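As written, the chains take the letters A, B, C and D, and residue 1 is the first residue of each chain.
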Amino acid sequence: MKKECKSLSLPLSLGFIGGSTKSAVGYTHFVASQMDNSWKLAAGCFSHNFRDNQETANVYGVPPERVYESWKEMLDTEQGKLDAVAILTPTPMHFELVKACLERGYAVICEKALAMSSDEIKQIIDLRDKMNGFIAVNYNYSGYPMVRELRSIIKSGQLGQILHFQAEMPQEGFIRVDTGGNKPTPQAWRLLDGQIPTIYLDLAVHLHQLIDYLIQQKPLAVVATQDSFGWFPEIVDNVSSLCRYTEGIQGQFWFSKSALGHRNGLKLRIYGSHASAEWYQANPEELILAYADGRREILDRAARTEIAKDLRYNRFKSGHPAGFIEAFANLYVDIANALIEYNSSGSYHSSEVFGADLALEGLQMLEAMVLSGSKGWTKTPPQH
Amino acid sequence: MKKECKSLSLPLSLGFIGGSTKSAVGYTHFVASQMDNSWKLAAGCFSHNFRDNQETANVYGVPPERVYESWKEMLDTEQGKLDAVAILTPTPMHFELVKACLERGYAVICEKALAMSSDEIKQIIDLRDKMNGFIAVNYNYSGYPMVRELRSIIKSGQLGQILHFQAEMPQEGFIRVDTGGNKPTPQAWRLLDGQIPTIYLDLAVHLHQLIDYLIQQKPLAVVATQDSFGWFPEIVDNVSSLCRYTEGIQGQFWFSKSALGHRNGLKLRIYGSHASAEWYQANPEELILAYADGRREILDRAARTEIAKDLRYNRFKSGHPAGFIEAFANLYVDIANALIEYNSSGSYHSSEVFGADLALEGLQMLEAMVLSGSKGWTKTPPQH
Amino acid sequence: MKKECKSLSLPLSLGFIGGSTKSAVGYTHFVASQMDNSWKLAAGCFSHNFRDNQETANVYGVPPERVYESWKEMLDTEQGKLDAVAILTPTPMHFELVKACLERGYAVICEKALAMSSDEIKQIIDLRDKMNGFIAVNYNYSGYPMVRELRSIIKSGQLGQILHFQAEMPQEGFIRVDTGGNKPTPQAWRLLDGQIPTIYLDLAVHLHQLIDYLIQQKPLAVVATQDSFGWFPEIVDNVSSLCRYTEGIQGQFWFSKSALGHRNGLKLRIYGSHASAEWYQANPEELILAYADGRREILDRAARTEIAKDLRYNRFKSGHPAGFIEAFANLYVDIANALIEYNSSGSYHSSEVFGADLALEGLQMLEAMVLSGSKGWTKTPPQH
Amino acid sequence: MKKECKSLSLPLSLGFIGGSTKSAVGYTHFVASQMDNSWKLAAGCFSHNFRDNQETANVYGVPPERVYESWKEMLDTEQGKLDAVAILTPTPMHFELVKACLERGYAVICEKALAMSSDEIKQIIDLRDKMNGFIAVNYNYSGYPMVRELRSIIKSGQLGQILHFQAEMPQEGFIRVDTGGNKPTPQAWRLLDGQIPTIYLDLAVHLHQLIDYLIQQKPLAVVATQDSFGWFPEIVDNVSSLCRYTEGIQGQFWFSKSALGHRNGLKLRIYGSHASAEWYQANPEELILAYADGRREILDRAARTEIAKDLRYNRFKSGHPAGFIEAFANLYVDIANALIEYNSSGSYHSSEVFGADLALEGLQMLEAMVLSGSKGWTKTPPQH
């Protein structure tokens, strides 16, 4: 039964499912959501481990009476009291949780990937439409100010026509040893590849979203090759792909968990007819622009910018490096604002908040990549 | 009349004097102090501007009844209710405010520089000792994990004997134009140089503290030269200095607000007999080490570290860049822990929290620099 | 009629066909071949333009009596007087010239690509075998000391098993404007794509050779996509490719003349099971190594090296940057030494000098890439 | 007795005194002088070691009849046959050799430092004037195209008024160990400091010349501090200095042989009222410019340049890194052209060739630095 809490002013109240201090992303969601006082973490079922759940509540400052041992209990008890629920569990649980939230009238903020397959997302979309629900997916990398600046630059035509791009996200987690020489111990669910191997859901969804965000074109066809090179022989940990987008754009994707040296080597290079741009997540405050006449520029918040100059991106002035958590926080503010608009009008218009529709396009593209391993070039969405 | 609030568990309650959203540092203190839930901002007199004060309280989520129009009223009203007061006003007000807090029994967290002269600090120390007060100064740059790692490396002897160093903090604020070609408009108090010109109090105190922090040696003598190169002809904006430390260490300081291209170019280079280290604040997650046999290493949180590996410095794992605000937050956590120890035992032992004694040494060194302009090499503390 | 000059000591005498001061590569070949006094440029037919030919001879210090207006005349007149002929003409002329040299008994040094197709190379190989000829192709990039060091590191097993690689060579020549806003004017022959478009012959042959050089594995299959994005609509200027090598190695190639910002962005990244390596031609003196335990190293000539420490690679000691011309010169010395061994024994063994056999493998791979545009994944050598 | 060879066309004939293949600089002078065919190395007395002398002659291709066991014999025998003599011996021998050359009418090319003291240089200048002699000193770093470009940029006013600078040249040679853990073995003469310690003559003369070259202002006063930190306790290996130039310019110099990690860390940073520039010798092809409005640019040969675009600086086009030897060669060409002008007219005008007058100013400044160790701020030239 749907029952909503439709606050119209900040801070909004938030509940977590998952996201304990022991999870990979919990603490980041906590800090990012609280940073700008646009959300107040008010309730949670942070872990099925009793002790972790309690300790997390303590660290996050959530009062005991709103800490739950089961998410069902939480969703039932908190109905009408939370503006949104953030789903921070392992990806395989998203589908069930998103549906449970939507059915009860909760606005949903879901860690990517929204679900495990395009079929699951289609069902989520159906339910969302039926319930007139709200879903925001945490595509956090487009929260970086210089990524937003780059989109603005591209929109303005400064790069000319977009021609080709290189998008890569190499990591090393599945081939590292720790300083004692021991192999890594990923969460269990990451060691079971489904129809779409986990690496696609962990990494490639970001690349898909970022390219969409920046160039606002659609993928048409892909060819990919996938391997398992690291410690876990059944688990895909390296994927290379060529792709074709609308307007004749050609792209190359690479994502990996078996590329030593890359803690998280997310890099985007966009080539246009008048200029190119390069952004590297490890140095997120700078954007490198290169023009057809040979000029090369390093752009940052202290230079002439359209977006990055905004006060909200300058919690401290340029020269005092901002990073991952601030980018994440930027998105949480955007989601809060979108949700207030939605609460007041029943819909929202945001250029920063992305939901199930983009997630569907993304998973269809990833499914095409997987398919292409046996088929060669494959259209996306895959044709049936 | 002294009246204390001696909490023994986190979060501690905090009041701000100064630190509105319109100030340079207010928002950073707000976010940093709240980030890890070790402090709860509970009261404030954020600005003498009524509207800024109210708006800030709203952004920071401070309830109206604990927002004050005068700091005196706040200090009088909140006695016994706040674990500490953070003094975030312009530097010239610090002296009076620190004293007012100490007299009323408030623990003090003071934005650097603690005061305008070594004489003021001596008076503060006297009062602190009389009241058995608590003072922590926001030397925030030593909150960076890789700076802390470097200290640990130096302590372990990995660099051998420290021989010489280069410490620089060039900025450009007083010689920039904005994108419309207009000259900058610093706060009025920054355009009036006292006995120690403001640039020393703004920048050089950081360099002094960082060198102390890393090599744990004392300055003996300095020679400096100061200039005004930027838009404000009466205001010193560039200082170069040679210095001599204990153990025969030779150092070079440079700090500037008229060095175009440097948003905040804080860089430390420490040269030892076995190895050297370089840390650049704009790329704070990496430390470059170079050894006597020619090896060069890039150290980050994902490599073998002693300090930076701690969970507290890994809100998100390496590869997801952390920056200025996290460094600031690290210090706020340390101050909270030191204060709890102080509350329970009457004293504290922290290798991360620095107070009036180091501030005194620093201002004496800066006074020696200023003096040296006419005298040449000058001992520190200046001999009378 | 074959007639040979079989010198057994340095310097060897050299003739140029092509390579005027107005050509792209002539001056480099001149300087590189003369640098270490292993070759003496003694004769030439530098240009079919009379004046360029004369002026070049003057700049290069070649006596007028050994400057020729036609290469035929040169080859006929100089028989028995030159240890080798360097063929520096546009690629389409290589086939005829290489054959003419071999037939007359000249040792051949040929600028890459050796020929326009694998068929041409097969004919060259037949002739070389019949004449027991000598052919060295100018794969100059493996002349860089740190590339050679990297091969040694890989051979030693320091990277473990090679798993995957990224090889890219983006350039911008076909999409730039000059500072006056005018489009570029490449040589006419570069504006006519043959069976294998010129970009493959200009750039991809280097990538093929460098990967062969470093990992010593063979390409098995490729899939590529090619585009024309720049000023010349008929001319391919951007190619992306996935490939599969022996031992299960997966690779990605990208080469472009329409990637703004890249003067010549040759970069090689090799990922192994124990470590990875990155080498970037614009910073050729350094090699970045990253190990499974998180260590990252910057290796240069001044560190512990096996190859780069050799005197020959230290014309001036580390810290005094060596570049493209020295790398080229290194190869010319190697060719001289290989030729002397060949002159004395009829064969040579060099790990640094590559000839028609590797060139054949390379062009077969490129032909497979071209074919794959319509066929998808394509085996190499293409099956008939 | 003076007897001259006054060639008026390239290549000019050159003799070496010193510069064997075993010396630090010999090979570089050989390659650089021959690179562009402006000089022909025709005679030499390369080493007092017979075998090294012979072997060097062989490597350099100098015919046996023009190889000499004593420099006196060479100077006597070659009179009238060499356009210039390059003096490449240890610095302490320069004074005697320069005089011997001038007396016999040889044009002199002398490795820096020209002599050991300003007194020696004054005597050289007297003799030069008496003989109307030609002296060029190898200030090779201003041969880098981007250094020349930077001078042009400064001259054009693009940086505005020059305000302050940082000039540093840290090296590590006196504190390194080799890969076997052994301490270095510098040439014996480098282990005996004269009135001006050798490190000043080796490194600081470059910094003095480069600042002169770029900003074309004169040093007025200095204060320095010097130490011996490395393996050789009597030998100065680290010097830091503040200085004051004409037009109120403030500068900082640092040069070292005990700074681990710096193979040769020559870096120049020039700050003006409109823009700043940074050039780092380890990355010599790029210049970083930062403007008052926040723009930052990376300038290289492929961008809009005034100087670096010249054909002579583009032996191969941008993207194919040129380095130290090409910079050196650029200077050799300039010297050749200046000498031809001098040969034809009795004088020359070159903005690139520097001789005894600049060397005098430099050594006077270095003497002031040495003096300042005991005196504090010291005027230059030192007042008597």
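Descriptive notes on the structure:
Definition applied: a contact is a pair of C-beta atoms (placed from the backbone, for glycine too) under 8 Å apart; a residue touches a chain by one contact, two chains touch by 3 or more.
Only a predicted model underlies this, so the values are computations on that prediction, with no experimental measurement involved.
In terms of C-beta pairs in contact, the better-connected of the chain pairs A-D and A-B is A-B. For the pair chain C and chain D, the fraction of shared interface numbers is greater than half, so the two copies use mostly the same residues to meet. Centres computed as Cα averages put chain A at a distance of 43 Å from chain C. Measuring from the averaged C-alpha position of chain A to that of chain B gives a distance of 35 Å.
Look at where the CA atoms of chain A average out and do the same for chain D: the two points lie 55 Å apart. Shown for chain B are the residues in touch with two or more other chains, namely 179, 262, 293-294, 296, 300, 302-304.
Of all residues in chain B, those touching chain D in their complex are 163-164, 166, 172, 175-179, 181, 223-225, 227, 229, 238, 240-242, 244, 248, 250, 252, 254, 256, 258-262, 271-276, 278, 288-294, 296, 376-377. Across the complex, chain C is touched by residues 293-300, 302-304 of chain B. The touching residues of chain B, when paired with chain A in their complex, are 11, 24-25, 27-28, 31, 34-37, 40, 59-61, 171, 179, 262-265, 281-285, 300-304, 315-326.
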